[in-house]
Amino acid sequence: VTDLHPDRLLPADPATRHVARALYHEIADLPLVAVHGHVEASMLAADQPFGDPAGLLVTNDHYVLRVLHSVGVPLEQLGRVAASEGPAPEESERTAEPRAVWRLLCRHWGAFRATSTRLWLEHELTTLFGVELPLTEAAADDTYDVIAACLARDDFRPQALYRRFGLEVLSTTDPPGADFAPHDALQAGGLAVVPTLRPDTLTDPTRADWAESVDGAGVTSYRGLVDHLRAERQRSAEHGAVATDHGHVRADTEDLGPVDAGRLFDRVLAAHAGAAHVGAAHAGASGAEHYDAERLGAQLLTANAIMALDDGLVMQLHTGVRRDHDRGAAARYGSDVGADFPIAASFTDSLRALLGRCGNEPGFRLVVFTVDETVYSREIAPLASYWPGLYVGAPWWFLDAPDAMARHFAATAESAGYAKLTGFVDDTRAFCSIPARHDVARRVIAAHLARLVVEHRLTEEDAAAVAADYAYHQPRSVYRIGGS
Amino acid sequence: VTDLHPDRLLPADPATRHVARALYHEIADLPLVAVHGHVEASMLAADQPFGDPAGLLVTNDHYVLRVLHSVGVPLEQLGRVAASEGPAPEESERTAEPRAVWRLLCRHWGAFRATSTRLWLEHELTTLFGVELPLTEAAADDTYDVIAACLARDDFRPQALYRRFGLEVLSTTDPPGADFAPHDALQAGGLAVVPTLRPDTLTDPTRADWAESVDGAGVTSYRGLVDHLRAERQRSAEHGAVATDHGHVRADTEDLGPVDAGRLFDRVLAAHAGAAHVGAAHAGASGAEHYDAERLGAQLLTANAIMALDDGLVMQLHTGVRRDHDRGAAARYGSDVGADFPIAASFTDSLRALLGRCGNEPGFRLVVFTVDETVYSREIAPLASYWPGLYVGAPWWFLDAPDAMARHFAATAESAGYAKLTGFVDDTRAFCSIPARHDVARRVIAAHLARLVVEHRLTEEDAAAVAADYAYHQPRSVYRIGGS
Amino acid sequence: VTDLHPDRLLPADPATRHVARALYHEIADLPLVAVHGHVEASMLAADQPFGDPAGLLVTNDHYVLRVLHSVGVPLEQLGRVAASEGPAPEESERTAEPRAVWRLLCRHWGAFRATSTRLWLEHELTTLFGVELPLTEAAADDTYDVIAACLARDDFRPQALYRRFGLEVLSTTDPPGADFAPHDALQAGGLAVVPTLRPDTLTDPTRADWAESVDGAGVTSYRGLVDHLRAERQRSAEHGAVATDHGHVRADTEDLGPVDAGRLFDRVLAAHAGAAHVGAAHAGASGAEHYDAERLGAQLLTANAIMALDDGLVMQLHTGVRRDHDRGAAARYGSDVGADFPIAASFTDSLRALLGRCGNEPGFRLVVFTVDETVYSREIAPLASYWPGLYVGAPWWFLDAPDAMARHFAATAESAGYAKLTGFVDDTRAFCSIPARHDVARRVIAAHLARLVVEHRLTEEDAAAVAADYAYHQPRSVYRIGGS
């Protein structure tokens, strides 16, 4: 088939499906607000044709890579090139020929059954490329050719797709010191691609590269670091940023006075220097040193919140992920090959200092994302049901899948209310998956709300309003798109 | 509309709804057994007309307050008066005029969509006051007038409503030393309003006010404290109490010998005295002191359990809540403004000492409540499926909402069986919300059981028996109402 | 009734039920692959008639015992004999007369409503014994007689039932040094009963009996212990084993060098000796000693994983259970009376060392089981969606119930995909419950997949393939039954 079923993801019960269908159709074609993500502005600005199908849909999408790896396909067969010093071995290069990579995806298509990744790929393959489903190994070369032919066309270049996708805004994620010229150029051309400062290299002293980053920024004191961050925030805002993003392992926050914060900074910097001196990785930090580093990171989150009171950037916090779980793969292929995994999260105690300082301040907005769904009903929704400055982020990463999203709605809306959800926020490096991700989310919220309508917990009018808010208006308004 | 849909909260599938409707109708009109709550006996005994609609339904219901606060309405605009020493500022008084408060509720009615709080309010507004839904800002003055007119009538006084609600028993929550004259008067008048001793000020030494409470009770030793608690328990029982209530942050219990317990008490008392001496809040206690305080609290839980073997009071344990999360609001308005939030809970290791001592003793009953639903299937239901003395409390607080209740049933009944659930226990200060809360619970249990019937996991006869148990018989029997 | 409803456990919605029914019927009669369990090979080899109905279905099934105990029936009335030194008291013997035990089950049949245990018992009672349901106290003697008459027949002997159940393979669980003669005899007779080495007494130094076990094995060094374990693994494989089983409290793993591991072993052994010397239980170990013991256990898990690279045995890890929660009952009746309960589990950080060492190695397979369902979506499924060597074990113990199983599928399949589930693995000592357990699992997977079909997330063909994999092919293939 080359058509997806129009009722996919809608609930089985006929009366509920009837309502869900109506709700979905009202929001299906709303523009896409993509306020968080990892697409590169430089790629969009260059507007070159995408490479081959395997590179676009397999090698550079760590969701796809991960599943193929999990059933035993080595990463080098999937086109990942080892970051070793010498030249890559010939054999490995040959097996990573794009058609061979594509054949591996087709051969293992069954491993993706019922995964969210398959839902997205099916949407891309049919809607964008007109490929016949299911993928089969026998037809692998044919489907490869179909996609390759599309990618060669001008209307498949990044900017053309941006317009075809109905994107109204697209946020990128950018380290301190990033060049915003691509953003400026895109905005000048009418594409609202805006930067998002992610200052983790400067604000998370548990990272091995923190001291180097701080040094590279010419920073030698806590006060100097905060000033540098303020300037970077300001610079991103001048290029259109509406938010910052913070990826700490834990959500811990502190609210120290300037003297204590200054001393803490000095201690942490000295510990990093000592670790470098003895040639040890920072992983070898003592317990006390690690505790100091965590506290300084916690303090810097609050420092960012305080700066947000001035510059109005929405603060996003992504927590609970252990990075580079497969140390061997990280060393060989670099980060972002899919070996990051969730750990237990908590927010109630962790956010107390930051919320106590900023949570009631007019205009302050903190959006929290988690990969531990146990905190939805226990911590995030209750906290957001009180603190005006706290918003419930959309289901993230491993939880951005239909059943997990349904659980998210059921676990948060009853106590926080829909007004305290950000609405749908996707989070991807896979540019072509953005419409699929929004479509899945729109179907799932329609299914969820339809159940409430049929159970007489919400009127159809209220449900329609909530659906449109979730799909479009709420992300615009929470992230102040258009300065709202 | 002024009528709620008769099938609200019942499942969409027609066959399941048919069964659910029948189950619900069999239990809809059973009397209300409200064995836990925070309504004041003195208010019922005084039997004065309720004040204005805003005071009754907004200002004094922290569920409502919380949601309005979360969308940016300051507490002082909602009628909360700062507990400052001087007179409240005039401006704040003016904005908190009851009609203005009511208008704020109406303006932000959309923020309550699909929350449990809205379900309860809708039930109260229509069933009790005949108000037209939805609330709108345009009609705010009209709806205010309708409710105000009701509240002026004699049949809307507390005791008349108690009877109209079909309350069979209502438990209050009372600190050590409480005056039980209002309970006596109400009982003499035929209303079964009974006290519940909540001795946290004496049993939780992590509280800042513990030493003062102990001193106020004339207690100077562990033995003296236990004797004092025994007397207070006995006194409550003589005035009709069937249970005690304990609100500790963690469920930790200890079973120390008298010598160790005595020394621990002495150490904790000395630490409190030391903290008072240097003018420090107890929050500044050292790690070792805090550990001691927690252990003494853990020991005092077991001490209460042992006393329950004699006096037969059911022991209720509410855990996992971090109080006064918004320190600024707590300082300004006092506790109970809605800024209490859940943290992760655990029971298996924590309850081992107490259950080892009392869990197999005839007649001993411990009911546990949690705001962390992860422990339902992991700890509470398994423990209750073995220990005769342990019962699964009803979904509490943030979890007392339809989807959360459905999850509660699905997570506990399969391993613990319905016989080990307490049945529905509401927990509110909002007197007029009691019937709504029971009605929601009765609909949700009917919906849950109907699913099991249609899936052929339970006969209709068994389901009807379980439904009636959950709604009425089980709370009576577990809490020994009428001495059962 | 003596017939169970043919549609039991299938979803209510007619269209979904239609699909579920078809899926179920395709897999209902597939052979049973029981790759994990606690049935004794010696019992099967002896092939003697089972004793009385109470002994078979009540006294020796800790699931049943637990529920009866939880509603107040003392264990001695259920036939458990105290492991005291003197003769058991006469009174207790008389009350534990089998008919009396059976009457207690019948009297408290209502306590089992909607539990998984009742589903299994109902299946056994009707399918195997033709008993009329529901059990009632009035008919207790009749039902007892019906079952007793069956048990006296030759076609109710263990081996006849093994064949009637359609068992294709049955794994036992065996301690180091176990006698595998019963396995050999059964295999010679055509019954594929295979051992599974569970070396916890040697690999978990937090156990009080560890030093004694190590000494009994003649082991005096880390190297000696690993050699002994390798030999035991090899011996089990020679008698047909396909897997090992490891039951540690936590999933922690270490990957120490031989020198560090050797020193750690020496320290732990010395600490055990010291504890024995002062007559203290190991429970009295110091914090540092307990930490050492946990680390050595963590190291021994990785040592087993490394050995699995050579001998090809699948590694099963069961974690998160606190044993002998009721110390009094454990002392009186021994372990396994039902007083084991779950605690919070975690895997991401814990398994990092082991997976880093073995997780990418060809042929390595680690299957993890948990009684904490919060880790399904947070840790286990994400980890299994990357590491080729990690598989998601089936819902275990308290979670082996219809609603919990449905949650398991919904929480794991979206990210890990069905290819990374082991398929259904039962875990029981109750031989006669094995077909019931598989039947429930087959119904629940059919119900789950039918929903995905009707929601157009999976084709019927794909769903049928997944159903058959889950019920039969996947356990065979993951555990390499028949050498696959």
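Think of it as A, B and C in the order they're written, each chain with its own count starting at 1.
Methods note: a residue touches a chain if its C-beta (ideal position, glycine included) is under 8 Å from a C-beta of that chain, and two chains touch if they have at least 3 such contacts.
Remember, predicted model here, so these are calculated numbers, not experimental data.
S.K.: By label order, what chains touch chain A and chain B together?
M.R.: A chain counts here if it touches both chain A and chain B, which gives C.
S.K.: Specify, for the interface formed by the sequence copies chain A and chain C, whether it is same or different in terms of residue numbers shared by both sides, with half as the dividing line.
M.R.: Looking at both copies, the contact residues mostly diverge.
S.K.: Let me have the rounded angstrom distance from the C-alpha centre of chain A over to the C-alpha centre of chain C, please.
M.R.: Each chain's C-alpha centroid was found; their separation is 39 Å.
S.K.: Do you know which chain B residues sit against two or more other chains?
M.R.: 11, 13, 344, 374
S.K.: Under the definition above, what is the set of chain C residues touching chain B in their complex?
M.R.: 4-5, 7-14, 66-67, 69-72, 110-116, 119, 134, 322, 325-329, 338-339, 341-344, 371-374, 398-399, 401-404, 407
S.K.: Help me check something: in the complex, which residues belonging to chain A touch chain B?
M.R.: So the residues of chain A in touch with chain B come to 11, 13, 15-16, 344, 346, 348-349, 352, 355-356, 359-360, 362, 374, 377-379, 381-388, 390, 410-411, 413-420, 451-452, 454-459, 462, 465-466.
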